[in-house]
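Two complexes, one shared chain (chain A), two partners (chain B, chain C).
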Partner chain A sequence: MKKLLTILLACSSYTVFAQHAEFARVSNSHSRNREKQPLTDVTTWYGRVGLGYAFTQAGQVNSLYGIPYSGNVSYDNTGATINSFSYKKASLNTGVNASLAMGRMFGPHIGLELAAQFDVAPTKYTFNGHNLTLGGNLSDLTITQQAKSPIFLIPAAVFQTQVANKLQAYARLGLVLPINTKVNVSVNNTDPTGNYAYTAVQSSSFSLGFNGALGLKYEAAANLKIFAEFNVMSLSAYTKKEELKSYSENGQPIPLGQISSTTTTYTLSGSNSNPNNGTGPQATSSTPFSNAGFMIGITMRL
Partner chain B sequence: MKKILTLALACSSFHLFAQHSAFMKTTHTELSSKKKTRPNSTWYGRVGIGYGLNQDGQSTNGYGTPYSGIANYTANGTTVSLSDFSINKASFNAGVQATVAAGYMLDNHIGIELAGQFNIAPVKYTYDAHNYLLSGYPANSSTTTYAKSPIMIIPALVLQTGDEGLNVYTRAGLVLPLNTKMERNVQVEYLTGGPNGIRSKEYTTELSSKFGVGYTGALGISYKTDKVRLWAEVNVMSLSTTIKKEQVKSFSQDGYSIPLQYITPGTINYTQSGSYDPHTDLAYSVPFSYIGAMVGLSFKI
Partner chain C sequence: MMKKILFTTCFLSFLATVSMAQEWSFRLGLGYAFPTASQTLDASGLPYSGNVTYTSANTGDIQSIGMKKASFGSGFKAVGGIQYMFTKNIGIAADINLGVTTPKYVLQTTNDVSVNKNEVSDNTYTRYAKLPVLLIPSFVLQSSGDKVNVYARAGIALPLSTQIISEEHDNYQNVAGDEEQLNKTVKTQFNLGFSGALGLSYRVSENFSFWVEGNLVALSVYPKEAEITVHTINGTATTAPPATGGKVSYVTSGTPSSNYDNVSFSIPFSSVGFLVGASYNLGKRKTVHTQE
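== the complex of A and B ==
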């Protein structure tokens, strides 16, 4: 019986060994034939984290208030003639971006991914106006606008191909679903009658955007790749609402309960609106969130 | 017997000939493939037609005037108030798109391409304002703005899942605008008479933009037949240009044409910084982004 068991075990071991040898042979042969397509990328889950910086792309000059997001304008003492002006295009989704993603490759060349992108340090834009005519007075006006940590969900299709040993080129194309596109606004106005200042938060209606990336991945270890990419995002959001958060006159805070209206709504169509006192729906305008940027990071096989 | 021998010889000859042909074909193929530096590299041409919709658009121009829609005002003496409005988003590259491209696949999965993209029927945007004050005079106006056949050159990288049968592909590239000129036609009707008693005026201007680089991407499927490859894709373009110059092309008052030398300023230069000048104004961005669908075919060249 003992001998029989020994023989069975030996046979079993041989079978396992033979299967392993055959698998190794096939794998080696497969690897030789398809050495440019590592098996690690065939039907596998992966995670991706990255950090980068984005610049204004397809941006705008004017904000919701009809004046530039960024720059200076100076009028003469009559307020009728511009002495000088200087301003820049703006996008509220520029600055330091971080990305966290999970994806699945369905073969060596195509996959799907879901990413969350966070603008962790959005650019702040400031406009300074001198001798602007506001309410019949010559005013010095400063407006600062900054997105409040924009967050986007990005489902995307991923394409990749081997370009050299351990080096892959890839492209990603996806939708941008904005989760947070709120914008902080700070206004400070001084004219001969005094000074007022307020802060407000603008929120936007949902709109769909697009995102694309081109990059290279280097296989640093068996389950770890380092990537560097160039990416773009195309998105503009339309302001829906502006809520007053604080208000002061001549440096003295005024309780919001004493303000007749703390919310202004913005729409693409409406009636009975009065731009002079801000009552009724106001005509909305687009807020630019498009950008172009670079990102580096790692992908890990899960 | 003779007939059988002849037939057998003929069959044998045919068999030998077939073998020889197959050998020659194989040898020729092997030699050809050895000549190639990369497997399955090939040149191709691509043509397509599609439609682009406004995406990442804007609603107003640099003066805060909507590109598209309607606004009704109530003018009362020297004051005016907006009674109702309806505005639309706009992109000047929306409309019927045609593309012609040539590319080179380095292997079955990666290639590069250079395309020319033409907006052959750009969307025209009209904004109507009623009973507002224009330089202090109550007026109605209608402003139509459209791009004059935008042309873009697009160098791009192509990635695809394979070369045979049905495949998925993506394309990502730069957009180099060759032509982003626009035309604006303004018709004004003064409700109670305008400057110097005129009742109406109409003028047309041409706007040109500074060069600016944009980006494009496409996601599509292709099916290879014996002779051509059929494809269908969704594509996006992200581009905004900055207005540089506006020139008056025609001007009329009360139906009478006015020679352009009498129009001041006939040309306005737009800049991002400067000082006051009647011929200088603040530049603003113009939206050319879109999302579209396109179908076409590609072929080896």
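== the complex of A and C ==
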């Protein structure tokens, strides 16, 4: 399905832009080798649209709660000994992503680009725990966590060079400015005293990340190129607060107005105003957003 | 992971097939790397760096906390490598990236009952990477200027050595002078990372160039085994577990042999930084085709 979507996007874009292709190639009178002359994108604006998939890279095992993002653990009936467990590394910025960019080349090799990247289908991570000791009881706990439509702005320097007729290699290195790194959380806990479940949204403080890419561009028409690239993003977000969105006990919804505190704040430093009941700022933790993936798409001169 | 390797391999093969041999060069550089994609808490929920004061009620509740983000891949770097340009514009390189000095992350806890619930202690945890070494094979793209060239590199980061030294010193409050020291060396599993750089080079003679670059390493490593190097109480070696010379293994699945601490976790090694250095052209190789 993902492959099909990618192919459809590339084909449809090609059809639209090929009909309006009227950009001339810049001839290079200094070159005696016609096959090596630079392509058209010398001192020009361009747009870029791509679709790709990102895998977990530099992933973490444990989440904000000190519990793994993904996997399962089963304790014995005393809750003291683990019978078995299986954990996986996680990054919340993995899955299908799309990119929309505009850039300008300042010569045959150097340019600047601003891209917006959207994780359109982020991976959902689920943890299942059996006979965990929570609040003095043995509990069965399920936690799911999924990024809520992550969006990033990526200003980058672009370097490109000709490798063959109609074929260019390029590299990008830039910053990652996280616009949205919210995480949806769902918790379901059952113990001998009953069941409670809640949903919450975690938001993060601003944190700078970095991005790099290496790719190839093929000139399919005078104004249009098809690209394929490998890219890497290095970013951690730091949870700032968690807001409760729903709460239920034994299947019965409890209005949030009846709950004394629906927001938990997390900080790098601070004092707990009332440590005995667990209120006040909590220690923040890093949320992994790093990934490595590939993308294919089109670039067009503007 | 296999998909990543496969993709990288295919990409390398593809570029190699469209290129022609031209020249070798050798380069050396020095620089500094700052933490990026850092972490605040370790696997046990303790900060890597900063301080934590628990309430004097000895309940384990936090009274105040001050944390700093940590990445063990930061610090002063030395780089040496070779580069082979297939054409003026395309090449490959292999660099050794050495962490000459790495930051020591120190955590101070007060009124801590995490070590022993029956004894309150003030603890100091010191953790640092022991001379980390990365091998970074990469693709090189370079402009075709005469004296000044812009270049970009993108490659994988292969951790050759990413050992972490962990030193824990506990001062127990209930028994005056009662001190415990626990040191261990944590070895990590192999894990693939990625690296990229964008730089500028200036040719000062036919074979000699200076260069400056900004670079990025995206890498986390995961503990495989820890060796207890020191375990003393009041300066005397103790046979209490974990004994000196003993080993602890870390896994991500199965049945832990002792406790929850055997579960593997991620150790941040990502960094962003700069390097300056010089490269020496080792001479042109006979080319297959004339370029110009």
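Rule of thumb we're sticking to: the second predicted complex is superposed on the first by the 259 of 302 C-alpha atoms of A that agree within 3 Å, B and C clash if a C-alpha of one lies under 4 Å from a C-alpha of the other, contacts with A are read in each partner's own complex, and residues count from 1 in each chain.
Here, a contact is a pair of C-beta atoms (placed from the backbone, for glycine too) under 8 Å apart; a residue touches a chain by one contact, two chains touch by 3 or more.
Bear in mind the structure is a predicted one, so any value in this text is a computation, not a measurement.
Superposition model on chain A: chain B and chain C are shown in a clashing arrangement.
By the touch criterion stated above, A:F55 is placed in contact with chain C alone, chain B being left untouched.
Shared-chain residue A:F294: touches chain C; no touch with chain B.
Contacts of A:P253 after superposition: neither chain B nor chain C is touched. Contact with both chain B and chain C is seen for A:T284 once the two complexes are overlaid on the shared chain.
With both structures placed on the common chain, the touch criterion links A:G194 to neither chain B nor chain C.
Annotation: chain A residues 57-62, 66, 68, 71, 82-89, 109-110, 157, 159-161, 163, 169-171, 173, 209-210, 212-214, 232-236, 238, 268-272, 275-276, 283-286, 290, 292 touch chain B in one complex and chain C in the other. Within the complex formed with chain B, the chain A residues making contact are 57-62, 66, 68, 71, 73, 81-89, 107, 109-110, 157, 159-161, 163, 169-171, 173, 209-210, 212-214, 232-236, 238, 268-276, 283-286, 290, 292.
On the side of chain C, the complex with chain A involves touching residues 1, 3-4, 7-8, 11, 14-15, 18-19, 36-41, 43, 45, 47, 50, 52, 55, 57, 59, 61-69, 87, 89-90, 139, 141-144, 150-154, 193-194, 196-198, 214, 216, 218-220, 222, 252-256, 260, 263-266, 268-270, 272, 291-292. On the side of chain A, the complex with chain C involves touching residues 32-33, 36, 55, 57-62, 66, 68, 71, 82-89, 108-110, 157, 159-164, 167, 169-173, 208-210, 212-214, 216, 230, 232-236, 238, 267-272, 275-276, 278, 281, 283-286, 288-290, 292, 294.
Interface of chain B with chain A (complex): residues 55-60, 62, 64, 66, 69, 71, 81-89, 107, 109-110, 157, 159-162, 168-172, 214-215, 217-219, 236-240, 242, 272-276, 282-285, 287, 289, 291.
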